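First, the structure itself, so that you have it in front of you.
Order of writing sets the chain letters: A, B, C and D. Residues in each chain are counted from 1.
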Amino acid sequence: MARVLPLAEAVEAIVRDGDSVAMEGFTHLIPHAAGHEIIRQSRKHLTLIRMTPDILYDQLIGMGCADRLVFSWGGNPGVGSLYRLRDAVENGWPHRLEVEEHSHAAMANAYEAGAAGLPFAVLRGYIGTDLPKVNPRIKSVTCPYTGEVLATVPAHRPDVAVIHALKADREGNVLLEGILGVQKEAVLAAERALVTVEEVVDDFGPRSLNACILPAWTVSAVAVVPGGAFPSYAQGYYKRFNAFYKEWDGIARERDTFLAWMKENVLTKTPDAFAARVRALQAAE
Amino acid sequence: MARVLPLAEAVEAIVRDGDSVAMEGFTHLIPHAAGHEIIRQSRKHLTLIRMTPDILYDQLIGMGCADRLVFSWGGNPGVGSLYRLRDAVENGWPHRLEVEEHSHAAMANAYEAGAAGLPFAVLRGYIGTDLPKVNPRIKSVTCPYTGEVLATVPAHRPDVAVIHALKADREGNVLLEGILGVQKEAVLAAERALVTVEEVVDDFGPRSLNACILPAWTVSAVAVVPGGAFPSYAQGYYKRFNAFYKEWDGIARERDTFLAWMKENVLTKTPDAFAARVRALQAAE
Amino acid sequence: MTPDYKPNEIMTITAARALKNEDVVFVGIGMPSAAANLARLTHAPGITLIYESGTLATRPSVLPLSIGDGELCETALTTVSVPEMFRYWLQGGRVSVGFLGGAQIDKFANLNTTVVGPYDKPKVRLPGGGGAPEIATSCGEIFIIMAQSKRGFVGKLDFVTSLGHGEGGRHREKLGVKTRGPTRLVTDLCVFEPDPETREMTVVSIHPGITREQIQDNTGWTVRYAAKVAETAPPTASELAALRELHARTARAHGAAA
Amino acid sequence: MTPDYKPNEIMTITAARALKNEDVVFVGIGMPSAAANLARLTHAPGITLIYESGTLATRPSVLPLSIGDGELCETALTTVSVPEMFRYWLQGGRVSVGFLGGAQIDKFANLNTTVVGPYDKPKVRLPGGGGAPEIATSCGEIFIIMAQSKRGFVGKLDFVTSLGHGEGGRHREKLGVKTRGPTRLVTDLCVFEPDPETREMTVVSIHPGITREQIQDNTGWTVRYAAKVAETAPPTASELAALRELHARTARAHGAAA
């Protein structure tokens, strides 16, 4: 049953050194505030799982939190490279990063299988590509009816899922809307789940009968962090801060500018900073 | 691309003798009007697929439309037996009916796999039951990672899916809300799809960003039949006519009362009768 | 003074008592639905009820006639598709208690809801398994409610629709099943629980006024009793009132044309 | 008189022209997105655009910077989850055209977006496959847009991220793939289509003012030409205006802080 906790306490209670952690959010609702708290608490030896490691994972990798990355597309969307990810893979800085690389279809299916309690996912995938040559976890099964050989990947069963959602109610039920990504699947596939939300409401009020809601009993802790997805966005709350994605290209390119930025904007800050960032952005519009 | 047609024309164009046909609707939105039109047009040798063959399939089977039934629970929900289904299985009346029997989980997974373009579905199912002994289509695969043996069923790929939905827009997009059942999966798994709706609107208007909508290019034909789910229900339009489900028990128990009812209420009627039935029900409330 | 009650009532109330506030229950239509909603309306207001039609955490004010009545959807936290229900919620291991019944049960609480007589030439074609085959193995534990009779409580099932304790002992474990299976069978006469070793369903409590003879006369195998057999606590006045109000509300709602 | 245009513009406009009103297009960010939306704003108003973030039939007024901008969701018919997108819509065979690009391409239109250099010790770690490996085999056909250069158009890929025509001939069919693969490769210099027999990408039209020498100088293999090579029709004034307005609207939207 979900407890409502301050973010620092929630991370303290839920994320441990050496965990496999899936922080999801497909462009929309990326849990930046929770990721920053993990960095501040110096979690180490994490296996980071995410379809699209972007700025947040660039930061976690650059700060040395991760030993291993499971992913399918690692770039700064619409901008270019993730220089901290590249520095880790190309030069082993700050230390060696092991990668397990998939396609989006395989990652999405692996979460789906995890949520469904299955040990593996089946897809018509990877045909004619080199990925199975470099990722021994890509295997196959034969259809018992048609003889077709299909690709398999192991289900994702992370120790922890971390997502940002729109709102929670007093019971700890969590509502998402808009681009849903794989967040629901990540939470249901995980052993423990930490959800940051824009706000807690007494009642979700009128909504679709089929609204995307994670019941309280699927969530370990909820932390209220307004703006917690910034510079990603929260549908109906604030827009994606596209300009920062472009700025990151300059910040992350060199180790020293990266470290200076992290010190100023993460290590010496608290989760409250996110609400202020959103307010500043909205005032500038 | 969905064409909007009168129901009789739509059935004429889409449902052929010998087809495998999935008429779905999980208590909610059962396509009674479309089923009656299929009976009036005397389709024969159908393979009828449905998780919960209930009154509508009792009628189709009793009228001799079906050679084969693929299902997981065949009863009158909350009431008791389907006497026409039982008469076909127990006594071969009006002719022999072959059955392929599954569990709900397997049927739901088989539709899901069909929608996903896979030849089979994997589930942790049928353990310790006799169903695999009587249904040779239940097989297994071994997980390439854990060695666990899991059940498989062939994907459903019906020739035709028939569903009833709430509304369509002018482009032929179709909206469902409430209890969704397996309708979306049935349509996406099928070669052709026929959808009856309560109404056609210019625009769906304000709605959830994640509303359950079947795009026009997944639907072969839309027919407007207000009340077309009666005595099942359409969320926001009319309630389930529970009293009729109880009445059916008496009607279907004997062959002659069944045939008389079918003649009076189906064979000599048109799809317009459904709107009148709903009006009568609502007036009585 | 104990109020008067009917056999169905003590059966439903005894089943309801076994449900806890923290439980997530996969509910079937009929007596399971009555018992689960009674628990919610009495001692377990926070209990989570799931129906296979996709309704999560539903709070109906009347009992549904069907598994997918509009009432279930309108009072639910949300409603998911049926494939999702069976994949993420049931198979995903999110349900603590599943409720089952059947036409036939054997002493290891295996159930038959498929056929009486041979499968290919049945004497009675029953509705079939529905959700039961996977409910029986995916839920944390299984409660069964069935009125007792020689026709229903049989020495050998005509067909195994859903697994109970199989042939007894560690049979479930041998099949790779990690859940507990039937932990409680509530009838109109008594309550059975599995013997810890043999897993045979064993009487642990007898409803007030019922004799061992009556139990044996309505059972197709030789009934075993636990070392200590209790008397089932009779329904309280408030339990009975809650159950009867629920049924009365339901009758009014379904009696009216819709 | 032909209006002035830039190489990127004729590339985008030529790609847009190949899209039909009835197409269902799986759109990637960047030039594919510009081409697909240009088609929608000009000759194919009924075209269906899908982005892998789950947005079905989206009609953005500005180009998204990311694959999941709010604009895509707000203007979509509806938005589904990402697992559903890859399962029901892409793998389910509901997409007629997939748009791809890459860092490297070979003469059979296989693509590399994974690494330059060896996989374990890459010279450049590229973003990776994303949706491409399954887009390449699940969509009815594939259009590729890439500016031509010796660094990108290579004799041998460092890594095959997504299948084009493999080693040529009937290679796709031998792998059991039922879709057509890359049927069109539009560059800033010319248009390639696969030779019907060898499946080698072959120049079928050359953009106005471009020479065969320029094409060869920017290609890492010996370029083959179709028996009849056309001149690409230059962008019309209205196509150019529509494209430039789209980019201007986009710049205004993204230039403003959000």
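Convention: a contact is a pair of C-beta atoms (placed from the backbone, for glycine too) under 8 Å apart; a residue touches a chain by one contact, two chains touch by 3 or more.
Small disclaimer: the values here were computed from a predicted structure and weren't measured.
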If a chain touches subunit A and subunit C alike, it appears here: B
Result of counting contacting C-beta pairs for B-C and B-D, higher pair: B-C
Centroid distance [mean C-alpha coordinates] between subunit D and subunit B, Å: 41
Chain centre separation in whole Å, for subunit C relative to subunit B (CA means): 28
CA centroid of subunit C to CA centroid of subunit D, Å: 57
Residues of subunit C touching at least two other chains: 73, 79-80, 87, 91, 138
Junction residues of subunit A - those touching two or more other chains: 117-118, 123-124, 148, 178, 180, 185, 209-212, 235
Touch relationships between chains, expressed as pairs: A-B, A-C, A-D, B-C, B-D
Residue ranges of subunit C touching subunit B (in the complex, touch as defined): 29-30, 52-55, 64-70, 72-73, 79-83, 85-87, 90-91, 110, 114, 119-120, 122-125, 127-134, 136-138, 159-163, 166, 171-172, 175-177, 254-258
Residue ranges of subunit A touching subunit D (in the complex, touch as defined): 26-28, 51-52, 71-75, 77-79, 81-82, 85-86, 89-90, 101-105, 108-109, 111-112, 123-131, 134, 148-149, 178-182, 184-185, 233, 235, 238-243, 245, 281, 284-285
Contacting residues of subunit A [partner subunit B, same complex]: 117-120, 122-124, 137, 139-146, 148, 150, 152, 154, 177-178, 180, 207-212, 235
Of all residues in subunit C, those that touch subunit A in their complex: 22, 24, 48, 56-57, 73-74, 76-80, 87-88, 91-94, 138
Touching residues (chain side subunit B, partner subunit D) in the complex: 1, 115-118, 173, 185, 188, 209-213, 215, 217-218
